[in-house]
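Each structure below appears as structure tokens.
The same chain A turns up in both complexes below, where it pairs with chain B and then with chain C.
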Partner chain A sequence: MRTQQVNSLACAVAVLAICSLSSAQLTKDQEDTNLGMEAHVGKLTGHAKDAAMNYRRYCAGCHGDLGDGEGENAVWLDPKPRNFTLATFKCRSTPSGSLPTDEDLYETVGRGLESSNMPSWNPLSNQSRADLVAYVKHFSERWKTEKPGAPIEIPVQPAVTADRVKSGQALFQKLECWKCHGVEGRANGPSADTLTDDQNRPIKPFNFHDQTRFKCGETDRDLYRIFMTGLDGTPMPSFADNVKPDEAWDLVFYLRTLQPMHTQEKEIAKQLGLKPINTNAPAPANAPAPQPQSNENKPQ
Partner chain B sequence: MTSARSGFAGLLLTASFLLSFTSNATALPAFARKYGLRCSACHEAWPMLNYFGQKFKDNGYQLMNDRDSPVWQNPSYWPVTFRMTPFWHRESTDKITYDTPGGGSALRRLTFTGFDYGGLDILSAGTIEKNISFQIIPASDELGSFHIEAVNARLDNLFHSPWLNFKFGKFELDNIVSEKRGLTLSASGGGYNLYHFIPAGDGNMFGQLGDNQIGVEWMGHSANDRTRLSVAVLSSTDGNPDVPYGSNSYTTFITGSHAFNVGKLGTDRVGFYAMVGEAATTFLTDGGVPLPNSGVGNKGFSREGFVGLFYFNKLNFQVVTQHGSDSPWFGAGFGNPIDDPSAPNFPVNTLPAGFRNPTWNGAFVETHWVHSPQLIFFQRSEWIRMSQQADPTAASNLGNLDNYVFGYRYYPIMNSRAGFAWHNEYSWIRQRGGAPDGTDLTSNSLMLGFDFDF
Partner chain C sequence: MKKPNLYRVIGTLSAVLILAFVVTKSQRSVRAAPPPEGGIAGTVKLEGTAPHQRPIDMSKEPACAAVHKANPVTTENVVAGADGGLKNVVVYISEGWSGSPEAATSTPTWDQKGCQYIPHVMGLDVNQHFKVTNSDPTSHNIHPMPKPGGPNHEWNKSQPSGAPPIDAVWGSEEVAIHVKCNIHPWMSGYMVVVKGPYGVSDDSGSFKIENVPPGNYTLTAWQETLGTQTQKITLAAGKPSTASFTFKAK
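Showing the complex of A and B:
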């Protein structure tokens, strides 16, 4: 009886595994059909079928001919190239778990991804980039069954004040950002070495202390967006449900004090004599509750 | 005059052979290994750069991410590439002088075939630190005689501005259409004649914009490399070390271009270049032998033209034009008695009566059909026409040149570790009045070979 149960379980696991594989990687027919995929960026319309050669030329070495992130260079890269068949993307303007907009992918191709081997492809023509976005989309069926999420609203950036920087620091402690990013933003928090991505591969948190550009941009608005949408596929969650927009701006201002370049926020922190947070001290009472660091609600 | 023509033809042929098999800059799989990108990411078809590769080069061999510094590399990483080309070829040149049994001489066509190989290029380039880049290229001819083809250091993105880059040393001029990264290799069509043209009997070898030169270069570009400008100040030595020619002679090379999107067709670029310089014409002698570094009597020369890169999906055209002019002194043969003992020098220090500026116009159109990143077909048609001879008695078409090349390159592999191409090319060249008897000289080449680097 017990053997039968084990066999049944094994079969079920095998079937599930096969189903999950088939849902991720396309059949030849599906791929041919999906080559009709389009991307819309401003007045541009990108066509997947027009990008096949450029994908092979520029992208396949890392992302693989099948878009599964298994190009011949993948084994040497850290972090690993994105697996397009999962349609999970870090840089989005849309809520966590949703598909990004075409503009999001277009901007990512043009900007590149900091702390990775993905360079900026802005020398390519706008049309080529739009075509490549359509080609990236053609690898996953999700684009046929789901719509991209609605871009989050980013309110007008308030003026930087000493109170806001201090409030941002309190949030940094209360939300337990330091557990991964470290108390000084050096990516050396107690959880830093244990982090994995959605495919169970080790991943490092962002090092604010050394880096001027973020994974998905470099402006205050980019930082706000990262904070509120999260980086899908990584342990960095979205805080959209936990903090108010005003509080998110406070956190942005505090994070700017941790970076190596000269900023207005850094000057304020200096005037305040702001010290790194004390993780043993209680967090300020009015700060929001911490977020669990998991990949829940993320497409797998 | 016949002797001069014969010498000139010989010089042209020799230069043609030397040029054809020493490209010396080309593609560097060392970069592909460093960044994990396929050759095709930077090269339309290696060694010809695409826009992404051009931006990478303009950024000082950097992708401008946080991994440009060599400290990010595995310590065993060695930024060195070797390139070589074994091939079979057929060369045919008409009107070669040979001795006849009766003691005289005659002309005949000489054709030969055989297996061969080109020179060895050792290419090293990359970053010493973020925003400090370098390039060193020792290169040998096919007999193993080495020279330093390039050696330079570059300060990149000073004050975080892509408009402030300074290069110092021996380097390739910032030609928008790079001969060093050209696709053609054969003896009669490997190099761009326009980049090395010297009128018949002219002594100015300093105006060759295809040769690497020694000096300093400022280069600036927009963030996406659409707009590019550069100015270089060079010693008028044609890249030779120890300043063997003029004691105080310099050349300036300026180039600028702008690229713009043309919708689905691609990205086009248009630009200009100008090379304006002075070089010595006469040298002190010791026992009749010209003394290096002693050149005086600087005279001027100029080369200027327009450049365009035009894309029509898989088809693209590279167009380069040129108007050139030399001082009459160069036209009369003055300029380089150091290397050419027959060149006029002291005590002859007067210009022959009636000599004028030799001037010419030329252009080439190189077409590529990029069938895929692994297969490219190419052709180049090149024409140079003298508009004024230095010697008023010379034939008006003396030295005019026509060159046609076509072929293809097939890349059976495409990865980020090495480059390998099957290269097949035919070329034909005609030089008006270039034969020893004053008639036209024609040559043609057929080449089949493997071009590889790793």
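Showing the complex of A and C:
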């Protein structure tokens, strides 16, 4: 008799679970089950249910109580706060189209997002930030059905050499980074004015001369990761399919010559007398060929 | 004593539901057994004058502008032939399909050529792989934009000139996924992901849906700006059927 009741109960729970998966809108019950969401960052385990108060206090003003990016401050902000219910994230270590890892979200919460209204939340404890990551995840069903992508591999950073800086510049031309970022990286390429994000809002490419920090970090590894994974939800694509891991470092080194701060790469560029790329000329002969060249690629 | 009774009622109800689910599911796979036969053919017409298609200025991409110098290209929102045949309409079975859950085995190609998508509209079965190629001497970024928050997810990959094809697949139905290239904002195309067979109308507006077993179906025709139309159709054994659609120009 007792087991029968337990069985019936288990059955009921199963049916409820099936029903809940089929609806897109979060119901109150679902919200409660989603609060069981966890985040794993190193040795930390974040619990969504422990973040509710911090989220209300620190996040809901912009990201909204429902995580839809429609908090009361949202109308005043540009770029707009992230809509967590869509589970599309710019700063990832994972391939384009996949979910970020918990560490990725944890890094973003701690670092904040440059050139936006998202500040660094490092003043909160590590545990609180891990809890908030779990809370961010609880807004989308996607985290229940899908695993984050496998993080891209970043080889050990090689030493900066003149050849690598030159080869990086050739890649900048070959991959046509300049179409948006401009020949000198001043965000004035021919396509720069037409760019929109996935919500059809205008968006600007990064101006390398303006800032030392990028949207998703400031280290060489961050820069490497940004162009290899792309920034989902924006026009910035992933280059991982067409740039070899080692060559990607060359591009990192070249991009560092464009930035306002003093860098070793900038010094090398100065010694080389490196000129901005000439888009009317074909890419220099030492341009790395990331893939078999087709005949169509030859200059007319 | 009251509570356990309630549990039992819920439990029994759930068990019945699950049983019903399992039974219908197994019935579906049984019905899928006979090999598909016959097909549906027809035409899609446009009534009225097609809206003006703007010429595309590709001067920002000289390599592509040169390709189209002799034959300037226009937008392809509504493409109708002289006799009113409407191109790029996807006709698919929206109700009644219970056939093979395996995806179509062919691998269609989505080419970027002359800074245009070829084809402009592509039909796909759920889980059917497709190839993205770049035939241009310039870089493209291929950026499909499924409905945000939906079952398919946007991705965005650079494909420089001469790069190898990208293999991709959509795991859920979606009518339709807009594809764009951020480098060349005039590039626009659609992938229509459906369950089961489909046909895409050609220059004369003709389409053909193959491998459809006899049965009662609802057909849906989708056009990127004119929306959708549906009609019911009954397929008799061993006899091809016809269906025609007419879209009114807006």
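In the analysis below, the second predicted complex is superposed on the first by the 258 of 300 C-alpha atoms of A that agree within 3 Å, B and C clash if a C-alpha of one lies under 4 Å from a C-alpha of the other, contacts with A are read in each partner's own complex, and residues count from 1 in each chain.
One rule holds for everything that comes next: a residue touches a chain if its C-beta (ideal position, glycine included) is under 8 Å from a C-beta of that chain, and two chains touch if they have at least 3 such contacts.
Note that this is a predicted model, so its numbers are computed, not measured.
By the touch criterion stated above, A:P245 is placed in contact with neither chain B nor chain C.
When the shared chain is aligned, no partner comes close enough to touch A:P151: not chain B, not chain C. Which of chain B and chain C touches more residues of chain A: that partner is C. Of the two partner chains, chain B is the only one touched by A:E114; chain C is not.
By the touch rule above, chain A contacts chain B in their complex via residues 50, 53, 56-58, 60-62, 72-73, 76-77, 112, 114-117, 119-128, 211, 213.
Residues of chain B touching chain A in their complex: 35-38, 40-41, 50-52, 54-55, 63-67, 223-225, 261-264, 266-267, 372-373, 415-416.
Of all the residues in chain A, the ones that touch chain C in their complex are 4-5, 7-9, 11-12, 14-15, 24, 83, 85-88, 95-98, 140, 142, 174-176, 179-180, 190-191, 194-196, 198-199, 230, 232-242, 290-294, 296-297, 300. Residue ranges on chain C touching chain A, taken from their complex, read 4, 7-8, 10-15, 17-18, 60-61, 63, 66, 135-139, 141-143, 145, 148-149, 153-164, 166, 182-185.
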